[in-house]
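Two complexes are shown next, each including chain A; its partner changes from chain B in the first to chain C in the second.
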Partner chain A sequence: MISLSQDRGLLSHPDALHVAQQAPLVLKDAPKTISASPWASLFSAPDTADLWITYENLLLSCLRSGDDKSAIECLDRITARFGSQNERVMALTGLGKEATAKGDEQLQHILTEYQEILGENAANIPIAKRRVALLRSMGKDSEAITALGTLLDSSPTDAEGWSELADLHLSQGHYPQAIFALEEVLVLVPNAWNMHARLGEVFMMAAASSSDAQLKYRAEALKRFARSVELCDHYLRGYYGLKLVADQLQEDKIRSKPKNDPDSFTIPDQETLARLSEVAMERLADIVRRYKAGEPLWQGYDSSAIAAAADLLDKTKQTLVR
Partner chain B sequence: MAWIPRFITFTGLVLLAHAGYSAQEHAALASTTAQHSNQAGTSTSLPIDISIETIVATMAVCIGLVLNTPNLRPIQWNVWAGKIEREGAEGFRDSSGAVEKDYRGNPFSTLESRPGFVDIRKQRREFAEWAKSEST
Partner chain C sequence: MADIPVQTLHRDPQLFYWILIPITIVMVQTGVLRHYASVLLQTAPKKQDAPAMREQRSLGRGVALRSNYHSLSKKSFESRRDYLISAYENGDFLKEPEKKGQPPANPMSDPGAMDGMMGMMKNNMAMMIPNTLIMSWINAFFSGYVTMKLPFPLTIKFKSMLQAGVQTKDMDPRWMSSISWYFLCIFGLQFVYVFLLGNDNAASQLNQQMQAQQMPNPMMGGPGQDPDKQFKAEAENLAVVDHYSVLDDVEGRLLASLKKA
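Presenting the complex of A and B:
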């Protein structure tokens, strides 16, 4: 069951459809307009934050599933309540236009509109973000990177922006830049265990594509995964990465032992790596076993992640038997 | 089963009020008898049943309130984070079985989904493709 009144991440397709199908009912139940006056709330429905988050969630899901009529209705109600000059409402309006735009000309038109809004008020962060997203969506990745760079220059504490920048660079294959941006995210939110794991994954990708700094990247990845499982017990993604990188480092060491790198980084010795790999494997096996046994308090994992972990465990078992 | 602790608290409060009323009545009665009889040594201390009722009522109120508190949350970061990852919304149900209102899942997941930068056109395309593959 999906609660409508929560901010949430990306829904899967069936979930989005399910949410979008609820839209007409919710729209029918809720009153059309809600007054912000404290007197009016004595006689009519209260003006709660939940309602507006619900509308926003419905708007996103309806746009995604193509139910434009309900989406416009949601947008109208939000606009009626907060006014069309509210920055967040402006971004949502732009989102609606983007979704229903046909052809590149209209998109170009929306882009110039964003440009004009930003010309009037350059501090309109939601619109600046929409502009970056639209540029990226149109395939102009390098322009999007420049636009996002200016946005981050003016508001360098925006973790979401840094994270998007990392993703943009990653899609272009600029690993060092992506790593830098993710490190900025971690400076802002040092306890975000998923971002530590993400940085570890990017380090792994960078290691796979470069030949000279491979060991260094893997050593960093090891640290990041270890930190992510330190911050979060039973973190499947963290243990998965830890297991992979510890195994790879063990092989690397065997292959190229007497190598003194000028860069200052240390790789733990073989024993520690072997133990890390073992611990990660134990934890993964535990998680997979309990999830598959249907224990009630172990069902929060993603089924595809569990399948991947089970796969990894099978592979390790095979190599051990050999 | 949310009504049991509330019922205990309510009963306790009623008993407490009753004990208070009894004590007041007893005091009024004792003072009038003392005036009329003018005898020294009449017992003016509170009868034992009122004392017991007061103690029992107070304890019932305490138990009811304690039982009615929401679940305790882990105070260590890694335990709390692990609970979110391991249990999902299941682990955050209150005594009536509904998911707690302030449950938000992983608060940092928005850093990966990035709602401010959502690419709605891509999502729309992908959804249309998914819908097509579902219907065929």
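Presenting the complex of A and C:
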């Protein structure tokens, strides 16, 4: 059973569907309105934050799975409680409209609505973020980047915004910008292991597409992956990346002698690289084995990630046999 | 030591019904009323406009960079530092760039700060007025009675507090008058309010006193502080950071920790 009282922005598709199917039941049980009178609160359900987060999660899941009726019911209840001028409610209302809009024309209309709201109050962050997301989903990536840039200029301590910017730049192939944005995320949340690994991945992609700074990028990618698994013991992506980049660097080093650049990280020697690769292999094999054996605490991995790791393991074995 | 004979007083049981219970009921009701009055009087917190938000969060960015610089490589850290220091010193992030270098406005003339003060005034008023009224009401109607005996002994010092309005020299301080029942109610009804009104009610005075004590440190960028000076100070703080990266020798640490495990 998935608890609805936590923030559930990132449910997988089957989970979201499952949640949405229960929506009518939950809506029936949960109170429709909350009375502010002290006597009523003695007898009826309390007005807790949990209840409203549940509604919000239900709304998101219902919109994803196309249950617009329940979604609108959730939205109505949220609006009745917090008023339509609340910034978060405004964003949720906008989200509902976006999801039920038919055709580009309506989306364009919603976009102008967002612009009007932002014209009145430029500090309305939820709406500004919706605008960026809508621009992106309409395929106007460069406009989305500009809009997000304005948002981040006035609110530069927003880690979510920076990571979205990194994603946008990455989708456009702007590697240095994506790296900058991800570094900005790490300044705000220095212990986010997934962000370290993500930055490592971006460095790998940048290395693959550039010709002159390959070694420099890969050296930093190695450091990032290593930091990621140092922070989180069983992070599959971290080990996967570590294995790839360590092998890659071993080959690179045979081919060319790295210059000493004071600005970039030094590449570890061959022996360390070999051991890092070996350790990453061991860990990956361990994770894959435990996942496939169905050990209860090891089922949190994404099945496609496990498949990719198993694939990598097979390939390495083949080269070893040869 | 000779036993002090236990003082017994014959009280009219009606005192209990006509003094203790009315005072308690009135106290509870004023608490509930005060809660709703302060909810009504409350002004919604003022929304920050975009330039003010930018000013505050840009400062926050510098603070974040200063405390988490270790997750960056030297080169990226230095480019960020150079940018932030020059922007801070030029006052690029200021809400009102033209006012740079001028002394901060008098908080009394700033309407934003006035709002906060009015809020505090309202709260204080909502607390003081009912208290004065009830106390004078009790003094007018119920003074001069001994209403109950506390179940625990007390020293003589409590006499003036508990037996206000009863001028009897030798009476045991355990006997208390109606006014002291009022004081007990002030402090003892908190749990009743929590039950009736929820945790963050405005009825109990203890809560408000506690809040008042936690208030003193002003918020970042709050009124009365010169943001330009804050930026300059932050620029200096950034300038003296001696960079190291957590990525230096991370693979060595990783291998060592894995070997141990």
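Worth a mention:
Going forward, the second predicted complex is superposed on the first by the 309 of 322 C-alpha atoms of A that agree within 3 Å, B and C clash if a C-alpha of one lies under 4 Å from a C-alpha of the other, contacts with A are read in each partner's own complex, and residues count from 1 in each chain.
We adopt the following convention: contacts are C-beta pairs under 8 Å (C-beta built on N, C-alpha and C of every residue); 3 or more make two chains touch, one makes a residue touch a chain.
Quick caveat, the model's predicted, so the values are computed rather than measured.
After superposition on chain A, the partners chain B and chain C are seen to fit next to each other with no clash. When the two complexes are overlaid on their common chain A, residue A:Leu95 makes contact with chain B while staying clear of chain C. In the superposed pair of complexes, A:Ala133 makes contact with chain B only, with no contact to chain C. With both structures placed on the common chain, the touch criterion links A:Leu249 to neither chain B nor chain C. Look at A:Leu276: by the touch rule set out above, it reaches chain C but stays clear of chain B. In the superposition on chain A, A:Glu230 makes contact with both chain B and chain C. Taking chain A as the reference, the larger set of touched residues comes from B, when chain B and chain C are compared.
For the three-chain arrangement built by superposition, the Cα-centre angle with chain A at its corner and chain B and chain C at its ends equals 50°, in steps of 10.
Touch criterion met: A:Leu63 reaches chain B, while chain C stays clear of it. Contacts of A:Val288 after superposition on the shared chain: neither chain B nor chain C is touched. With chain A used as the common frame, the shortest Cα distance separating chain B from chain C works out to 11 Å.
Residue overlap on chain A between the chain B contacts of one complex and the chain C contacts of the other covers 230. On chain A, the positions that touch chain B within their shared complex are 3, 6-10, 13, 16-17, 60, 63-66, 91, 95, 98-99, 101, 126, 129-130, 132-133, 136-137, 159-161, 163-164, 167, 185, 189, 191-195, 198, 230-236, 287, 296-301.
Within the complex formed with chain A, the residues of chain B that make contact are 77-79, 81-82, 84-91, 99, 103-106, 108-124, 126-128, 130-131.
The touching residues of chain C, when paired with chain A in their complex, are 32, 47-51, 53-54, 57-58, 60-61, 64-65, 68-76, 80, 196-198, 245-248, 250-255, 257-258. By the touch rule above, chain A contacts chain C in their complex via residues 38, 41-42, 121-123, 153-158, 180, 183, 186-188, 190, 196, 220, 222-224, 226-227, 229-230, 263-265, 268, 272, 275-276, 279.
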